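Chain lettering (A, B, C, D, E and F) follows the sequence in which the chains are written, and residue indices restart at 1 in each chain.
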Amino acid sequence: MSDYSFEYFTVRFPTDQQYVAHVEINRPERLNAFIEVMWLNMAKIFNKLSSDPSVRAIVLSGAGEKAFTAGLDVKAASEGLLSSETSTDPARKAAFLRRHILEFQECITAVERCEKPIVVAMHGFSLGLAIDLSTATDVRLCSRDSKFAVKEVDIGIAADIGTLSRLPKVVGSYGWVKEIALTAREFGAEEALRVGFVNGVYDSREATVAAALKLAKLMASKSPVAVQGTKEILNYSRDHSVQDGLRYTSVWNGAALQTQDVSAALLSGLQKRVPTFEKL
Amino acid sequence: MSDYSFEYFTVRFPTDQQYVAHVEINRPERLNAFIEVMWLNMAKIFNKLSSDPSVRAIVLSGAGEKAFTAGLDVKAASEGLLSSETSTDPARKAAFLRRHILEFQECITAVERCEKPIVVAMHGFSLGLAIDLSTATDVRLCSRDSKFAVKEVDIGIAADIGTLSRLPKVVGSYGWVKEIALTAREFGAEEALRVGFVNGVYDSREATVAAALKLAKLMASKSPVAVQGTKEILNYSRDHSVQDGLRYTSVWNGAALQTQDVSAALLSGLQKRVPTFEKL
Amino acid sequence: MSDYSFEYFTVRFPTDQQYVAHVEINRPERLNAFIEVMWLNMAKIFNKLSSDPSVRAIVLSGAGEKAFTAGLDVKAASEGLLSSETSTDPARKAAFLRRHILEFQECITAVERCEKPIVVAMHGFSLGLAIDLSTATDVRLCSRDSKFAVKEVDIGIAADIGTLSRLPKVVGSYGWVKEIALTAREFGAEEALRVGFVNGVYDSREATVAAALKLAKLMASKSPVAVQGTKEILNYSRDHSVQDGLRYTSVWNGAALQTQDVSAALLSGLQKRVPTFEKL
Amino acid sequence: MSDYSFEYFTVRFPTDQQYVAHVEINRPERLNAFIEVMWLNMAKIFNKLSSDPSVRAIVLSGAGEKAFTAGLDVKAASEGLLSSETSTDPARKAAFLRRHILEFQECITAVERCEKPIVVAMHGFSLGLAIDLSTATDVRLCSRDSKFAVKEVDIGIAADIGTLSRLPKVVGSYGWVKEIALTAREFGAEEALRVGFVNGVYDSREATVAAALKLAKLMASKSPVAVQGTKEILNYSRDHSVQDGLRYTSVWNGAALQTQDVSAALLSGLQKRVPTFEKL
Amino acid sequence: MSDYSFEYFTVRFPTDQQYVAHVEINRPERLNAFIEVMWLNMAKIFNKLSSDPSVRAIVLSGAGEKAFTAGLDVKAASEGLLSSETSTDPARKAAFLRRHILEFQECITAVERCEKPIVVAMHGFSLGLAIDLSTATDVRLCSRDSKFAVKEVDIGIAADIGTLSRLPKVVGSYGWVKEIALTAREFGAEEALRVGFVNGVYDSREATVAAALKLAKLMASKSPVAVQGTKEILNYSRDHSVQDGLRYTSVWNGAALQTQDVSAALLSGLQKRVPTFEKL
Amino acid sequence: MSDYSFEYFTVRFPTDQQYVAHVEINRPERLNAFIEVMWLNMAKIFNKLSSDPSVRAIVLSGAGEKAFTAGLDVKAASEGLLSSETSTDPARKAAFLRRHILEFQECITAVERCEKPIVVAMHGFSLGLAIDLSTATDVRLCSRDSKFAVKEVDIGIAADIGTLSRLPKVVGSYGWVKEIALTAREFGAEEALRVGFVNGVYDSREATVAAALKLAKLMASKSPVAVQGTKEILNYSRDHSVQDGLRYTSVWNGAALQTQDVSAALLSGLQKRVPTFEKL
């Protein structure tokens, strides 16, 4: 696989990490703040990786030392989506805004729908959209210097791209989420670890990215049938009752258990060697 | 705003905390134990504050040094709701009990439905109904001397006013809730903090109330459009799938993003001054 | 009650723990690994205990020093369920597999549906099926030497007997579950306690079983009407909205509050003596 | 029972129809069009009848020859709820409108929540709110001259008091509802009968009311435990899966089957006489 | 296949209807009224047929000229389930009743869960349980002399074995179901056809059974992969949103479309001959 | 607006039907059977019309005298999606199929998500995909010569593009849908009208298209704020409980009721003239 890039994004395929793709947000001069082309491109990238058979796990991080992403580029937004013009009829303006929010949400949901597991490595400013985005991935790691905040109430809005729907289900505790979201107060790496928002804290951006790549490599070494099935069933279960989750699983595994990966994995286990699996 | 009171409740408007209301349970001679008039009055108070435009955040606490509330006044209940008389036909008695439970539940739900964020400051005995009530608020703080228990199984009943439905969603961990609810064992402030039941522990009743007022003041300083939207969407998301949460948010923000608070907040941010927002 | 046994299971009624049953998985020579007869027998045992009026709480543990259970007996499975024969038509093979998965799931669900509270005491190897099984119980305890893993991706499959549906709801944190399930990495007692998977860690298998029996005894000393109602309503609430939970509770307690246990419990409280309750 | 009235409503207790209440909308000079006091009063009436033990079935009809109700009093509404004043901030105006809609919806839902079965007798103009209101009752009858329409799109709004949520579930066919609601076209008694919106068509207002009273009398002659349980379970089932419906029913009947009405009904059946049942 | 019988049931395999099983309720001397052994046996039969590869469609009918089934054997029930003895504690009696209702419901649900399509042929008295039972099948046919009623309110109970949950979803119209269930009035074949309760009306019991066998034979001539998948997805969709239905279907067909039946069916279509399909 | 076309589709803007778009499936030489490019193009067209402010209602029909559409082009499908090649690992093939089904479903769902109401005019062969497609529109009309069938079981598959999820909710009656889907039998215009699948039957293709255009014109003459809101809320309500539907409606109308269309509509009503509404 050769590396490629989309505007404000780089996609690399580390040669020592087979089946791993590394997506980097690349607008460091503006603290990786998001403008519209960026979320559209991000969706394109994750849709592409989702069906790319040479990818089995993905790392997402931000370029530059200062920020994973400072969130929405508020200056650009206040001239665009949040500007006060367009229509003078409040009902029509509401329709216009709703369509734009749905489109934006759909781009973040593309990250969640990506069939391959995603590990996000955050550092420095990780505000607003950083939370929306990272809660759509599977595992969150961060560096010790991370500064997190659900920043939206500070600009007069309720977060609408995913944080309020996904963050409580990521961490479990509604009490903590309520405080964080209603005050927009900053929290750091230690608090993020304690409440379960991140799975690990590392000393620097580099160490965090390295840990994310290592974790992704581990996931990429397993049967992709098993890994992708596990991700899908966990996502399904989040939004359904246990009985529904069990029923869905039984149908999913009706096909998945027919894979040759099971015997490959079992045999490798007995022979103490690394199994190889067909692409998916 | 001038202070007012309902039987067993005082509502104050601290002069140094603009837009903050402080509701105090006021039956200290009986450890703030609840009798029927109290839950009816509490619902009235929170319904009133919900639509009072001069209120943006609320603190709830209990008068007296010994208890936030010792829970249901069991003596009164055993002469009323839990008495063995009324009907001899079990089906008719069940109908009578069900209506009363629904009415009681509705009073606690009035706290949850209040559109303004609520910070509860608990201390001393905080048993039974204290858990039902506090899980219907948004953020829980407590003093170091707090004694919590889901006390209901000790009087032969399953908690039916909200604890069993809301507590697991507040803390995330079903394992801990099962133990606490099936044994009625007491737990203290540190355990409450560790499992995420409370967001902070303070040295005394006074310090807890002060911290709650400070937190409420911070919430009250933000755009009420943003804060009330955030509370509503988080409550909605608790009971719905992520996709449903996103759809609801897009409709909500179709109207909310048209607020003048966004430009007020953005401008204040640039000008480094405190924004003012129209009442809501 | 006299003790009895089913193939690979022993059910004991400790004489000093009234109303407590102790179920032991008994295939220590194979690390208590499960073959088909075991999950069928386990379902039979828990169905029987569910309606046995002389049982009010249950402890589940594994015989032998090395393992609670090492999970599915992979060797047996690879000759049975996971074997590559039976049908050559993938659709028919899928139907065959789906029926078997549903039947297996149903056996684990029998543990969850058991009306009496269950405390599980785990030790040593507690892999794969150990997680499926323990998340269907109410409270999890473990010894310090426990080695846990959601092992399934290592044999090429997505866990399908309950872990992916139940574990996230037990611990609350999806982030941690994703990491554990996508990597199959082992975790120990301390991590299990920190994330809320277990409620307590003890020094040895014996100490863990003793603690579980003590906890079960405590639950068994309470009103069975209250305890069984609490378990049922908590299980219902896990899969429903708060409003639905409240409605269900009001109907449940319409009958349950008519119990004589309430006055028995209240009276005993006043008289400082241990109440006795009719069987259920 | 003596008759009573609320502003714009009369509640009668026909002497020849034991246990039946007859509620009449009484503003014939304005075609029974609704103003705010009317929906507030209507909710009060149905809440009162819901727990009145001397009522077992209810008939709802409209006074005057011309209309059951012509719907919302648009003139009053355009000066009130739909007026363009109040706030100039669209987000604040949205909050104001939302609160009013919820309050209005709550009044219609009070009709649905009434524990006693309701038969509505419609005639003449039965527009807009007439549909919202009648879909919250249990059985709909109408006279041959009825003129129905989901009128809201003709005044520039989507029906928001219940029609769009309840009508499709009453008639089953979404195709017909879409046409009716998107065109606001009038439909008559025959079409209403064919699609299942009404259960019967009668020659005149008088004949319709008489048929409704007869049907209500029949319902009132049955065990109130059975009738009220049947209504509640059907309402619950509308919004839940079959499995959930079955589970709820099992809990409901755990109490209800203990009624003495069962033996009273069985005995009367054997003795060919009319059973009498205790009040509920 | 040779015919077999269970107490009160006969299972025949008509020689001229390949892959069709005919289940007959056989207690004509008591109008096929159900006692406990009958619902337990019925569940056993349908569980057996569900996984019997030589069965592709099933007909269910009642022996004797007078009744499909007159419903629950009330005399037996009043001495058993509905008797007033057992426990004097209403909460314990409620638990006892609830367990029995759940067990009974589970037997009817076994009919719904049967993977093969079921056509029921009703005639004569088809009361109470006849409705519960027939709504758990797939297609309902009846003879002109059928007498239907949701009879339960006449014996003082709300129908709890399935009618109130399933009937509204079978016919679509809640209005008609409310009338029928709240009055217990009888309805005939023509009304049943008009509201969609039955799919066809025939002149006699014999003609109805013959039509059911013909319909079952037609279903049995199709690909069993396609037919069983269609039944399962329709049952799933009844209780889920359209989006959930689509997602479930996509997983189901991921395996099912790999069947050799597709090419067999396509080839037969081109060659104008009857396809043969492997057993399932 | 000038007409345009996509491969196999024509989009016209009838000059005498302001705000109405007419989409025609245009592959009459193959009975309008669908190949992959067609569903992709259809999604593009409806996405475009959804946000085109000069369109307020849409008619969908098929070119040629013989068929609305004969469904999936089975010959093309059997060389593509349904071919037996690609992968030999059943789990990987299942993943491949699932992705294709989801993509195909998404194209049909684009029709349902189109914000403008859609009237479909069917004639002649309207098989398989014709049902999937038409159930994603709002109102169905057909000519007397229509031949409908849920054809999928005849080619060995369960319908997976929408019919099994949407058709039961369109017609209400599960009984009829089960028969139709499990037998693949043809049904005609009269039966389609009787069960509520179509809203009207016309004498010819031309008459059906004319009626559809007339109906669309009527919808297009109403306030687009009201019409689009009505469609959205009805679609939402189909998949949610009544309480959820009411809550969603209250938020939607918080913005929508602020439209100037309300006063425009009211004023026009008083002045007996046709209102004009701003684009949306």
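In this text, contacts are C-beta pairs under 8 Å (C-beta built on N, C-alpha and C of every residue); 3 or more make two chains touch, one makes a residue touch a chain.
Quick caveat: nothing in here was measured; it's all calculated off a predicted structure.
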Those chains which touch chain C and also touch chain B: A, D, E, F
Path length in steps (a step moves to a chain that is touched) from chain A to chain D: 1
D-E against C-F, pair bridged by the larger set of C-beta contacts: D-E
Where chain A and chain B are represented by their mean Cα positions, the distance between them in whole Å: 33
Distance from the mean Cα position of chain E to that of chain A, given in whole angstrom: 47
Multi-chain contact sites of chain A, meaning residues that touch two or more partners: 90, 93-95, 169, 171-173, 225, 238, 240, 243, 247, 251-252, 254-259, 261
Chain-level touch network, classified as line, ring, star, complete or other: complete
Contact set on chain F toward chain B in their complex: 236, 240, 244, 247-248, 251-252, 254-255, 258
Chain C-touching residues of chain F, taken from the complex the two chains share: 90, 93-94, 243
Complex interface listing, chain F residues touching chain E: 74, 78, 81-82, 84, 90, 93-95, 97-98, 101-102, 105, 109, 112, 152-160, 162, 164-166, 168-169, 171-179, 181-185, 195, 238-240
Contact set on chain F toward chain A in their complex: 51, 87, 89-92, 94-95, 99, 225, 228, 255-261, 278, 280
Of chain D, residues touching chain E in the complex: 117, 138-140, 169-173, 196-199, 215, 218-219, 222-223, 225-227, 229-234, 237-238, 241-243, 245-247, 249-259, 261-266, 269, 277
